[in-house]
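A short worksheet on the structure shown next.
Letters A, B, C, D and E name the chains as they come in the text, with residue numbers starting at 1 for each one.
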């Protein structure tokens, strides 16, 4: 998807529309399962946006990891923890007004920052998977190792929390 | 040779009794016999040295203007040098002689009077301490040293008045004495501070030069106030008008104490202070008139009260206050000689009167009301005779001591202002009357069947005898040997007897005796009814013009009242603020704690609000700082 | 012509929705989902910046890859905890988790 | 690519994996105490090795991972903290119903996270360091599954930490947008004054404020500290706070000063709020862990004053204070472990009469609490002295006065604990047996606090050299 | 001095405390002997220091220095001059008497004597320190031992002992918080970043060399005044002192009233006057006004107190008023008097508390209306009580007359009105002292106190030791005044310089 032209604009609006609609669905739907599915739709929308930004590797990883693994995990989580009526399984709490106020004020601040800041938009550059790979193992080697440890820790943690629960119940 | 030795070792006089006090209190508390002998021995040697000093002063011609002075530094710092030392001049010599003699006699007397008292040794210790501090005050070279021993004397009077401390009245009397003298000390202290700051020295010699010079340049106003402040001390110590209330209550102490301290020595300390600093007072006419009039009024006032008192020691106490008024009057009118002369003679016969009263009380087991005595002349002839001599002396009947000294005062008063003279004479009349009343009621009339009196022992009568002799000769001998040109201030005046005033005063005294004989002559009981017709005056005088009650009211309501108010303020206001602040911070803590609702989403909302707030703060301040500069 | 700010605005909207979900959803898993949304919006920002204005573009995308990894781990641990609390107290609603207070 | 820089981190990670494997070799029922000793031995060895590495300067991975005295000092703080925590919690861990070895593994992973944070010189390493540490703590906090309080605490920590890190990430993305690069020195040059910088900077600051529990971002601390098991609370109070400060000081030293915005003003507000909220809210507390949580919020306030001056004196104060805070904390939590094992409760009532039953522990607790309050001759006094003198030197007088006054107010609730220990009657008369390692740690912590209070020379010189590397 | 005298004075009690930790809690008498021995050593050495101090030459003697915190300019340096020689003697004296005054403590004696010895060592440290950091360290180290001693061995009469202990501790610590801020400001502004130092001489020179502007000195001194004022129980900050003393056990109130309060006065001179002269002069009228308030206010309240310890507590507040006025006069005589009065009041209040302690131990009550006529049963205690009463009255021949007189002379020039009001205070002091003496000692014999035992064995020591100083320095004041003068006289040029400096509302 080259940058200029009508096609790109059309794609952008379509994809962002899908993403935002799905996101609103995730947040406002009462039924947890619907929210879970809408969540994976959001992830795919975002992957599409990456395509419009010529970040093919990112789009692939997004689609694979998020909508693949994360969404599935969420659905499993929903199944594990809900036995009663699904339609009322995702109610809002009593803080709707306060929550809305807080969220709007933060978004307002961010929008003010985005619009008022003179972003120096350069000629832009496209990043290939090769560049990313090389950077991973040269400059960002310590974080890379750290993320590995982190995933291991999460793995052990999940196992401990589950196994512990079984032994106890 | 002895004279030289004693002059140069005059500081031994106070030191010996002080050593006696130390030895007794540390070692001899449980061996009374030894303690008494040690005290008397020490006092005796001190008396001998005093005689030596008198002899030296007489032979060497040391005068008031050129005293014999020895000084050492007590403590010093830049701007304030305090020294201790010995200053001997005719006035001091006279005082040394009188004080050491009477102390010796009273100590001997006490061996008899105090037998059987559990604190016998302690009594002699305190008496020696008193004698030491009195003698040390007499030879003081500067105001500070005098003030130091002035307060020590006050302490001893507190201890000795409160001797029978198991009696609440004695305890309160001691406290009252100390407090009243303390108020006087406040005055002296202020006076001393003025002198120290104005003249940089407290030495009598230097002040005698500097004060008159100062008065020449910038007038009397400030110095009169200083003088009056200094005079506040004598008002308290010598029981002058407003602060005399403690002296009658001081009779709670044992009689030897009253004889020595509240008749002969301590109470005259005030007179001695004014005499010692006469160079300052004499150049301040304003102060002199105040002293004179206060003295006269006190004399009259005390005599009026003494008329109606029923207890023997109270009568003598008021008579002392009155005689002290006389001495102050003499000083006020400018005659140092008359005042000192009367001081000496008064010391002898007043001590004798008190010792006599002591032997009566000793015999009648402390029954003090004279109307319950009566007819003691038969059972106590010696005491009666000696008391008679003393009464004649105090009334001023020639040739007894009192006549000469009182005559000097009347002559001096007459020269200055007639109203003072009239007042003084009328007081002389009252003195004669109440002394005669005491003598007649106590010794004449029929025997009171209940008390079976008996004559006191030799230990008590011997000292009274010596005092009786002195009461006779202490007037005529010094008069003839020119006491005037020995103890004087300014030119020596050889006033012979001014026969006019002398005869007038003798007649007045005899009139007093006559009136007393008329009223109390034969039946003592009936006589009191006559006196009652005088009505309100009688009750006023009996209750000492209610001055005691006024002071009590003031102390209870004003002082303690204010104390309670301040205590309330301290508890509720000062502490209130402190505890309030503690409560408040605890309360704030609780409020903050309540914020912790436990709801995760409340926390998240608060965090986001904080982020937004911080953005605003930064945007505003950044805007204000226009994008530059550090806060 | 679609510029940097368009993407940033989409990101901002997504971030706002995620935030709203976090604050108002009673169910723990819904809260986890909202957190995922917020992380996604950050990724959009990063990729957009690396595409339009970054001098070191690759760094942006590397950063977002790390974020994706961490987000995945987070969901795993989150669900494990949700399951643990569900087994302990039979509820996953965040409101009732207020035993620890004051 | 030089792995020498990563030596410490890799060694700890290897130690963790070693323990994981060793756990598999042991039968299920056997006590895991030996693994604990293995962890302690490994960490102590590393600590001794690291002592020799002072003076080795160097930026590796083209400037994204720093190896300097500043980072080394922090790493030693983490190591000491971890060693002492492991030491006094051997028993606690041994009595856990399940997965005892994994406790040590996760603990070591947290230590690795902290170390990476200390050396991070770019946003990615910073973020990953924070997440690694936080994730290990998520699980450690929720470790006691039989008690739902621990799980609740873990959930609260997870939700709030993820929210905070999401906000921080957004801030980082904005900074990346402005500067175009991620490493600190590049950011320092690239950041131009603009609204995005304000929002981005504030968001990053909020992330840090959450990590060091400065109000109004401190709400999670009391609940999580109370819910988590004691060793984890101790490590949270020491490790995570210190790591937070390590990264925060570096950023506020290199990245933000040039941007022209009054960042110290925000730090001032945070510091004041921390002292006020921390000290005042602690007064009514009865649960000791909760009280220590509020007290650690207050300590964050004192530490923030060190950052105001922007000179090496302030940073030296922060480094010194963090090190002695480790010892004070270890002392207090060691005693708390012994008490909670004896009475399985951590309220003031449970600690009553401790001076009769275990006088040594009572003295240790008193010394640790008073060191936090800043009473001489304990180390806290010297630490506060450094911090507040640097603040006054930079002109912020009133925050120092507030600091002094409030640390004296803090003496009030510390003395309440001392009072109950010395004056209270012991709740029961069962003999009070103390495990040897707990006793050793407690006495060692007290000795260290006293020694550094009376003779702070060497540590303050060490802190000064470390601080000078960040601020020339 | 090759042999480190001052360090031995400082560390003898600490060594004693350390030795006691190894003794079993049951060995009560050995504990007491060890503490008596260690305090004895430091008492003898301090006697040697005081009488060995060559006051003709003056200046710092028995000096010792060790490097401690070079980069902060703090060094462990000890030394004694005319100002601190009497104070260190006072500390050791009262510490020694305090040990014997608590010879009857049999409940947890081990902790009691360890804490007590640490307390005395801490206080001694403040007086011998020539380094401000060491001063601050010792200044605050004493607060916690006092707290623990009050809550464990104290007595709750009007207020619970816990309240009294907490109030005392937090009040003094808040005061010290302000003091720390003030001293930090002084330390930071006296010398530029590189050459900072804590040595007191150097800081004193900084003020005279003009490094500190008058405004700064006024501002910094205010903080220092708050700190030392609250320790010295200056008028608005005095409310901790009566409760604190009434709640504290005998030995603690002896040391606290006797010595700890004097750190306030000593600090006001050493740090306030020497290091911030213009600030001192500016605030001097306020200090004098508070001093007068101290004297009158506390004296009146002492009049209506029902508990003996409260009477002495308020009396110590009132006596500190004199010290404040003496210091505020800012002239050699006044300050000489103030320092000497601090020593005098220390000895006097220690003896007072020792005697009250004995009476309380014997009769288990301090309520004045219940007591009375104790002279019958306890003649020896009466002598001690009477001696202390007379000394606090300012009776010549005892220790406190000469200092008080010197204060009056000194302060009369600077603040005539305040001085007169203060001198009126001697009447009020006499009133409440005599009231206590009369109500407790004299009066009719009460049968309920017949079985009461008088001073015997160890109880004699406080009376003999303190009494010796009361009378000794009373008859020969130059022993004390010369040493103090040698410390204050070198200040004359400084005092002359600040004589004309601006003050709060002009001299009164």
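For this structure, a couple of remarks:
As a working rule, a residue touches a chain if its C-beta (ideal position, glycine included) is under 8 Å from a C-beta of that chain, and two chains touch if they have at least 3 such contacts.
Note that the structure is a prediction, hence the values are computed from the model and not measured.
Steps from chain C to chain E, taking the shortest chain of touch contacts, total 2. The fewest steps needed to get from chain A to chain E, moving only between touching chains, is 2.
A comparison of C-alpha centroids places E closest to the centre of the full protein.
Summed over C-beta pairs in contact, the chain pair with the top total is A-C. Ranking every chain by how far its Cα centroid lies from the centroid of chain E, the top place goes to A.
Ranked by distance of CA centroids from chain B, the top chain is A.
In terms of their C-alpha centroids, the spacing between chain C and chain D amounts to 26 Å.
Averaged Cα coordinates give chain B a centre that lies 97 Å from the centre of chain C.
If you average the CA atoms of chain A and of chain B, the two centres end up 103 Å from each other. With centres defined as mean CA coordinates, chain E is found 42 Å away from chain D. Of all residues in chain B, those that touch two or more other chains are 593, 596, 598, 600-602, 604-605, 608-609, 611, 615. Of all residues in chain E, those touching 2 or more other chains are 170, listed in ascending order. Residues of chain C in contact with two or more other chains: 8, 15, 18-19, 22-24, 53-55, 59-60, 62, 66, 70, 73-74, 77-78, 81-82, 84, 94-95, 97, 99-101.
Each chain pair that touches appears in this list: A-B, A-C, A-D, B-C, B-D, B-E, C-D, D-E.
Remark: chain C residues 19, 22-24, 94-95, 97-102 touch chain B in the complex. Considering their complex, residues 73-80, 82, 144, 147-149, 151-152, 155, 162, 165-168, 171-172, 174-175, 178-179, 182-183, 185-186, 189-190, 193, 196-197, 559-560, 562-564, 566-567, 570, 574-575, 578, 582 of chain B touch chain E.
Considering their complex, residues 1-10, 12-27, 29-30, 32-34, 36-37, 40, 43-44, 47-48, 50-55, 57-62, 64-66, 68-84, 86-87, 92-95 of chain C touch chain A.
On the chain D side of its complex with chain E, the touching residues are 355, 366, 370, 375-377, 381, 385, 388-389, 392-393, 397, 400-401, 404-405, 407-409, 411-412, 415, 418-419, 422-423, 455-457, 460-461, 464. Remark: chain E residues 167, 170-171, 236, 238-240, 297, 300-301, 303-305, 331-333, 336, 373, 375-376, 390, 395-397, 401-402, 405-406, 408-409, 412-413, 419-420, 423-424, 426-427, 430-431, 434-435, 438, 441-445, 477-478, 481-482, 485, 488-489, 492 touch chain B in the complex.
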